[in-house]
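Take a look at the structures below.
Next, two complexes with chain A in common: one pairs it with chain B, the other with chain C.
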Partner chain A sequence: MNTNTRSSTGIGARVPRLELQRLLSGRGRYIDDIKLPRMLHVCFVRSPHPHARIVSINVEPAKQARGVEAVLTAADINPRCEPFVGVALHRPGHRSAPQLLLASERAVWQGQPVVAVIADSLAEAEDAAELVAIEWAPLPVVGDQMQAIAPGTPAIHPELDDNVAFDFSLERGEPAKAFAEADYVIEEEFRFERQMAMTLETRGLIADFNPGDGSLTVIHAHQSPFQMQDVFSRHLKIPEHKVRVIAPDIGGGFGMKLNLYVDEMAAVVASMVLGRPVKFCVDRLESFVSDAQARDHRIKARIAFMKSGEIVAMEMDDIAAVGAYGMPMRFNVAEGMMAITITGAPYSFENYKARTRSIYVNKNLIGMYRGVGMPLACIATELLTDLAADKLGIDTVEFKRRTYRPKSSLPCITPGGQRLETVSFHECLEKLVELIDYDALRKEQRKLREKDVFRGLGIATFCEQTAYGPPYYGPSGAPISTQDGCNLRLEPSGSVRCVTSLTDQGQGTLTGIAQIVADTIGVSIEQVGVIGGDSSISPYGGGAWASRGMAIGGEAALRAGTMLKHNILALAGTITQTPPEALDIIDGQVVNTRTGQPVISLADVGRIGYFRQDTLPPDHDVQLSVSASFVGNDKMYYMANGVQASYVEVDCETGFIKVLGQWAVDDCGRVINPLLVDGQVRGGIVQGIGAVLYEECIYSDDANLLNGTMADYLVPMADEMPDIVVAHVETPEASTKLGAKGIGEAGLIGAMGSVWVAVNDALKPFGARVRHQPFTPERVLDALARARSGRR
Partner chain B sequence: MLFDSTLSLKHNVQIMKARNFRYIRPDSLQHAYRILEENGGDAVPIAGGQSLLAGLNMRLSAPKLLVDIGGLKELAGQSQRDGTIRLGALTRHGELLQSDLVRKQLPLLAQAAAHIGHVAIRNRGTLGGSLAYADPAAELPACSVALRATLVLGSAAGEREVKAEDFFKGLFETDLRPGELIVAVKFPAPQANTTAGFAELARRRGDFALVGLAAMVSARRDRIEGARLVYFGCVDRAKVAASVSVAVSGLAMPVLDTAAFEREIRQDLTPDDTPGLRAETKLHMATVLTRRVLNSLVMQAAS
Partner chain C sequence: MTDLVGHEDVDIEATLNGKPLKRRVKARQHLADFLRQELELTGTHLGCEHGICGACTVLIDGRSVRSCLTLAAQISGKSVDTIEGLSQSGRLADLQKAFIERNAAQCGFCSSGMLLTAYELVSTGEAASRAEIREYLSGNMCRCTGYHAIIDAVEAVIAARTAGARQS
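Coming up: the complex of A and B.
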């Protein structure tokens, strides 16, 4: 890294996203903007029932409709694709029924695709889809996890006998003894309703199977083109080198566009059947019933502690409803596993017991979503420790100071199995306390309570597993690569072209990569062009998920940059007859390290390197294209951390909640670009506040979605959002040169924790507690009513 | 409420594009009347499109012809004469916020307009459209009843006038006849000793209210003399909440105890259970809201 020449665009600089001008002037290219010659459009007919048998399907009227090319059912589509079994091999006992592309005899969730109607235009496909007549015989519905595991409830998939997908327990130390002998035990129940990822751009792809050479190109709004290259190749039996997946501009992913979807696969099969490009764009209503959803947990958690303030044990018991199938490749047991393994991580304690169960219900699949189970761990831990501090009569900040793991104990493995190395809980907390003027806020809170104004202050500490390494996905059997790569080429004119295996859904990842490349080589960012998201041209890689882009892909870019610089200097040395060690590159010029004087421009190096090799010694091997890949072989993840605070006011007569202020102190290791990092934190915070206060897929008891529009499903909006203050502690990741950890999920995890604690802090004068997310006015009023009647 | 979102999911196909329709933009009011008469039930007027288009896109209705009245000068404009303020049907929600006439003479409308949707919606949505649509959760129908407005309705057959409180017949139901348009709304200038009070509870700014209240109240010293309270969001249509209006009259201000009108709120309001919100909770919210609106008037009077 060229730290001595740190420029206004290098590592650490506040560089606005390079693509903003293009995107904001309407020149982005999203799936819906792209048209291929002879392209068709598909519209799916879906099950309106959560569980029903298909008695008959009549596609004839639809086939006759104007513009229709084909109407395909399970019999046409399913045999062409190997079924998906969403089971993680390294999770003993995990099981799922195989998932077919189109429902053939039965539908097991509302929204499951049944018939594909393919026409010349989307309008014609939609009109024809309305003509498909399906006769249904509704079957008994398993609506939620408690019903699903109750004795006598039939199994959704008879071949599995019951509805338990996965049941996992862990125990460290002697939790039973610790709970029995503790001075105090506090127990809470938590409920997290289902929610959506709600990307600005919905899902979509264009599948282009070419019967001429048997090749498949898919332009796909997906976070991991390499994952999909593998899936298309294996499941559709196309040689891998004939499959190319390109991720164009993508309007938000949040993990939702990482999953595998049967409707998307069916659209690809339709292209193979018809030998023409087929476009599939999910529309907003459709996204409500077909995008992977998130959360849906019921958790019981306990904490045991002593009068001395020592925490002696914690316990978590999680029951999650994961939908009708295991999510292929990405496994919807992850929510529960992460929730139970990260609980308590920032705090010193020895004894831990936890269990998570993943349960099948007649609902759409749960999949990856920002934060996965980590916010649930943060909420359980922070609410329980806040209540413990109260019980002891200790201020919550003081309690954290005393019970956080001391720096001297690092590295360590937590009772939940987390490896902590370079975390900075204490530093983040002290910075936050100063930032929010903690004592003054507490004073204001006390004063206002006398005037019947009920404010709450919540502080939440969190860990974020970022940038998973091969020990994470490798043993699961899923061909998901945790490496990333970077190709660099010096162009003859002296600029640099970069191809990364990363993808960008709006984070600005590619801008960060350009900064790293520019900084490492010694050119300005204007001299670097970056492309990502094409499985056929970059080194193999993972893409965007688990807050990994900058940490892994950035390290690969740094290593490639170092290689290219080395090669450039070797060539410059030969041309100028100077030892390469005496040369450096600054501002696009090769300079003499000692004098700082320019020796030769990169344009001249490029010109000679590509066109005048005849002037070089015969044995000089010119390599102006380089490739590097990176993965932390033994690393499970890089652990990022932070602390957030929320200041809220609860209207205790109406149950309405207003977030007055939100502060985040984050440690994601080296900050490559503060604008990008703060953007991630702020966006995550807004999504976190949305989750706690607004977002909920409301289902009837028999699993019918009741609020499937954006008028009724409430996303957080600007008016309701507080001012957000972001600050950083930088503790670099020790195992890489770059030192970056991930940042993608931190904002959401911490904000969910701090809003939970803050709202419950505001309700303390009433002895009330709200534990059912989202905190709707009615749930707040119900909590107050329970407290008034002496229940909690 | 914009529409019942469970409807669309009961279909096999989730679609957000309207069925095919024809579109015409008449150049005079008489021309519009003629088209509406000739096409009967096949034709539907469109003003701001902020309610109609959502329904068409969800395929909840599928008219064959849209008659765009948005450019008709006869339906635009604001005027005041002989103690009556006349607002053209095409008055945009945003204009209610900006108009000096409205702000001075009909502050209730300006207060209410601030809560309707967002800027883009207020720039297009119209007074006539809101009244014709008759959403029981909408602000303007309630305000027009509270303000004793009269609607001017026109058709090829001529014009007639209907009082706002007789115009709203039920859930999305009005006294409009086939082929008839709202031309304008006439408001009597409120009497000197009455004050406008307005508040609503909505989850997010710009959302339709869970419950709202448009109130015209007269008070002397610290006592409420008379009140005309119109709720929205917990009723099937805009109408005077007769029992509550009587019950609060005579109350000393500030109102500390809600016991005097809790029973009446149960009589006048008819909320349903909706996803995530019980009717009982809405009644409680309406009670709190009523007390707050009445007490906000004390503060106004004091200042």
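Coming up: the complex of A and C.
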């Protein structure tokens, strides 16, 4: 790294994204913008019932409809694909029924695909889908997790005996004794409704099976082309070197486009059956009933503490409804496991007890979504510690100062099993307190309460596991690579071409990679071209998920840059008859490090290296293309952290909540590009605010989705959102040269925690607590009414 | 089979991105599909197809319109501007530059609609507070940026344009 000659576009610089002019001119190329010759369109007839037996299917009228090429059912599609069993092998006892592509005998969630209609245009496919006649016999529905585990409730999948997918407990120290002997115990119940990622671009792909050579190319709006290359090869029995997965521009992912979807697989099978390209893009209603959903937890949590202010124990009991099957490759146990293992991580305590259960219900599958279980841990921890501080009569900031794990205790393993090495809780807190002018805000809050204006201030500390590594995915049995790679090539003209295994759904990952490459070699960013997202041309890798792009892919880029620089200097040394150790590259020129004088341009190195090898000594081995991969073999994750604050006002007459201010102090290790990092934080924060205040997939008791439009599923819009102040503490990851941790999920995790605490802080004068997310006006008013009638 | 509603043809004459357009369209085809599928103007995006998200915003006679709620047949006799035309003519250049400098776009899927709604606002030539900008853009969903950077960008362009207007 050229730390002494850092350019305005290198590591740490606020570099605008390289692809933005293109995206802002309407010249992005998203999946639905792409047409292939002879391309067909598929749409699916889906189950309108959460649980029903298929009595008969009549596809004949649809087959006769205008433009229709084929109408395919389970009998046509399912035998072509190895079933999925969404079970994590490293979680003993985790189980799922096998999942087939199309429902054959019965459907187990509303929205499960049943029939594929393929036509010349999407409109014709949709017209014909209306003509498919399916006779259904509705079956008893398991609507939620409490019903699912109640005695006598039938198992959704009879072969599993009951509806429990996973039941895991952990205990550290002596929690029972600690709770019994504590001066105080506070217990709360939390409820988190289902929500969606709600990417603005829905899911989609174009599958192009070529019968001529048996190859499959899939242009796929997916965060991990390598994962899908493996899945297509393994489950469709195509040799892996004949499968190519290309990610185009993608209109948002947030983890949702990392999951595996049976309708997408069925579209690929349709291309194989028909030998033609097939496009599949879900519409918005389909996205509501088929995109992997998130959350749906009911949690009981307790904290035990002493008059001295010491926390002596915590306890978590989580019950999650995970849908009708286990999510293949990405596992529906992740939210619950993260929730119970990260709870309490920032605080000193030794005794812990936790249990999580994943429960099958007749709903769409739960999968990956930004934050996974981390916000649940943050919320439970921060609400309980805030209440504990109140009980002790200590200011909540002072309580945090006293009970955070001290730097001197690092590295350590928390009772939940988290490894903390380079976290910076105290530094982040002090910076935040200064940033928000804490005492002044508290004073204002007190004064306004006298005028019946109820404002709340919430502060939330969080840990963010980033860049999940091989110790997690390796033993899981899922063929998911946690390495990433980078190819670099010096072009003859002296510029640099980079191919990364990463993908970019808007984070700016490719720009960050360009900065690292430019900085490491010693050229400006304008001299670096980056492409990513093609499983056939880059080193093997993971892609974009778990806040890992910069941490893993960035380190690979740094290592590749170091290699290419070494080779360039070796060649420059030979050309100029100078020892390579005496040379460096600055601003695209090879310079003499002693004199600082340019000795040869990269353009001349490239020209000679590619076209005039005849002028070089016969034994000089020219290597101007290099490849590097990186993974932290022993790293389960890197641990980022931060603190956020929310200042809210609750209208206690109407129940409406307004977020007046939001502040974040984040430590994601080395910041490669503050402009992009702040964008990740702010975007995550707004999704977090949306989750706490607005977003809910509303289901009837018998699992019918009631709000399948964007008019009824509320997401944050500009006028409801506050300005957001972002600041940083930089504690580099110690195990890499780059030192970056991840930033993708921090904003959401901290904001969910701070808004939860802030709203409940505002309600303290009433003795009311709202614990059912989202905090709709109705739920706020219910909480106030409960408090008035003496209930909690 | 039954006849499907809307399959009859309609002839339209309109102005698209400053050039005359004569076409025969299906009565049922909405403007966004017409732009994207027939004319391959794929810069206009579809996020919800029911008028909520604003991704498909275009200008008709200078006013922002949801092209998913407009039939192609309805543009006859009108002037339509899309992201492609407004980019090529340079009319969005100051907004685009401000968006790029402030990272006011991530995935880019909302950007066409966001820019066109913002263009309608800044074209009024009037000053607007951050709260007013937020309200004006509140029909355009962005799932990525958290809006802050977008508000910054539009605020900067309004400031520059109103300052320019005062000087001239």
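In this section, the second predicted complex is superposed on the first by the 792 of 792 C-alpha atoms of A that agree within 3 Å, B and C clash if a C-alpha of one lies under 4 Å from a C-alpha of the other, contacts with A are read in each partner's own complex, and residues count from 1 in each chain.
One rule holds in what follows: a contact is a pair of C-beta atoms (placed from the backbone, for glycine too) under 8 Å apart; a residue touches a chain by one contact, two chains touch by 3 or more.
Keep in mind it's a predicted model, so treat the numbers as computed, not measured.
Asker: Counting only touches as set out at the top, which of chain B and chain C does A:D208 meet: first, second, both, neither?
Answerer: In the superposed model, A:D208 contacts neither chain B nor chain C.
Asker: With both complexes superposed on chain A, which partner does A:D32 reach: first (chain B), second (chain C), both or neither?
Answerer: In the superposition, A:D32 contacts chain C only.
Asker: Once chain A of both complexes is superposed, is A:M717 in touch with chain B (first), chain C (second), both, or neither?
Answerer: So A:M717 meets both chain B and chain C here.
Asker: Examine A:T654 and indicate which partner it touches, taking first as chain B and second as chain C; both and neither are also allowed.
Answerer: Only chain B; A:T654 stays clear of chain C.
Asker: Report for A:A129: first if it touches chain B alone, second if chain C alone, otherwise both or neither.
Answerer: First partner only.
Asker: Of the two partner chains, chain B (first) and chain C (second), which one does A:D283 touch, if any: first, second, both, or neither?
Answerer: The answer is both, since A:D283 touches chain B and chain C.
Asker: Any idea whether chain B or chain C touches more of chain A?
Answerer: C
Asker: So, A:P48: does it touch chain B (first), chain C (second), both, or neither?
Answerer: first
Asker: For A:N704, is the partner it touches chain B (first), chain C (second), both, or none of the two (neither)?
Answerer: first
Asker: When the two structures are overlaid on chain A, which partner does A:P777 contact: first (chain B), second (chain C), both, or neither?
Answerer: First partner only.
Asker: Using the superposition on A, tell me which residues of chain A are in contact with chain B and, in the other complex, with chain C.
Answerer: On chain A, the overlap between the chain B and chain C contacts is residues 123, 127, 283-284, 709, 711, 717, 719-720.
Asker: Which chain B residues qualify as touching chain A in the complex?
Answerer: Spelled out, the residues of chain B in touch with chain A are 1-3, 5-6, 8-17, 19, 54, 58-59, 201, 203-208, 210, 275-278, 281, 284-285, 288-289.
Asker: What part of chain A is in contact with chain C in the complex they form?
Answerer: My answer: residues 16-17, 19-21, 23-30, 32-33, 61, 64-66, 121, 123, 127, 131, 198-202, 249-254, 283-284, 505-508, 675-676, 678-679, 682-687, 709-711, 715-721, 723-724, 747.
Asker: In their complex, what parts of chain C are in touch with chain A?
Answerer: Contacts found on chain C: 1, 4, 33, 36-37, 41-50, 52-53, 55, 82-84, 87, 92, 96, 99-103, 105-112, 115, 130-131, 133-135, 137-151.
Asker: Applying the document's contact rule, which stretches of chain A touch chain B when the two form their complex?
Answerer: On the chain A side, the touching residues are 43-48, 110-111, 114, 122-123, 126-127, 129-130, 132, 134, 283-286, 288-289, 653-654, 656, 694, 696, 698, 704-709, 711-712, 714, 717, 719-720, 776-778, 781.
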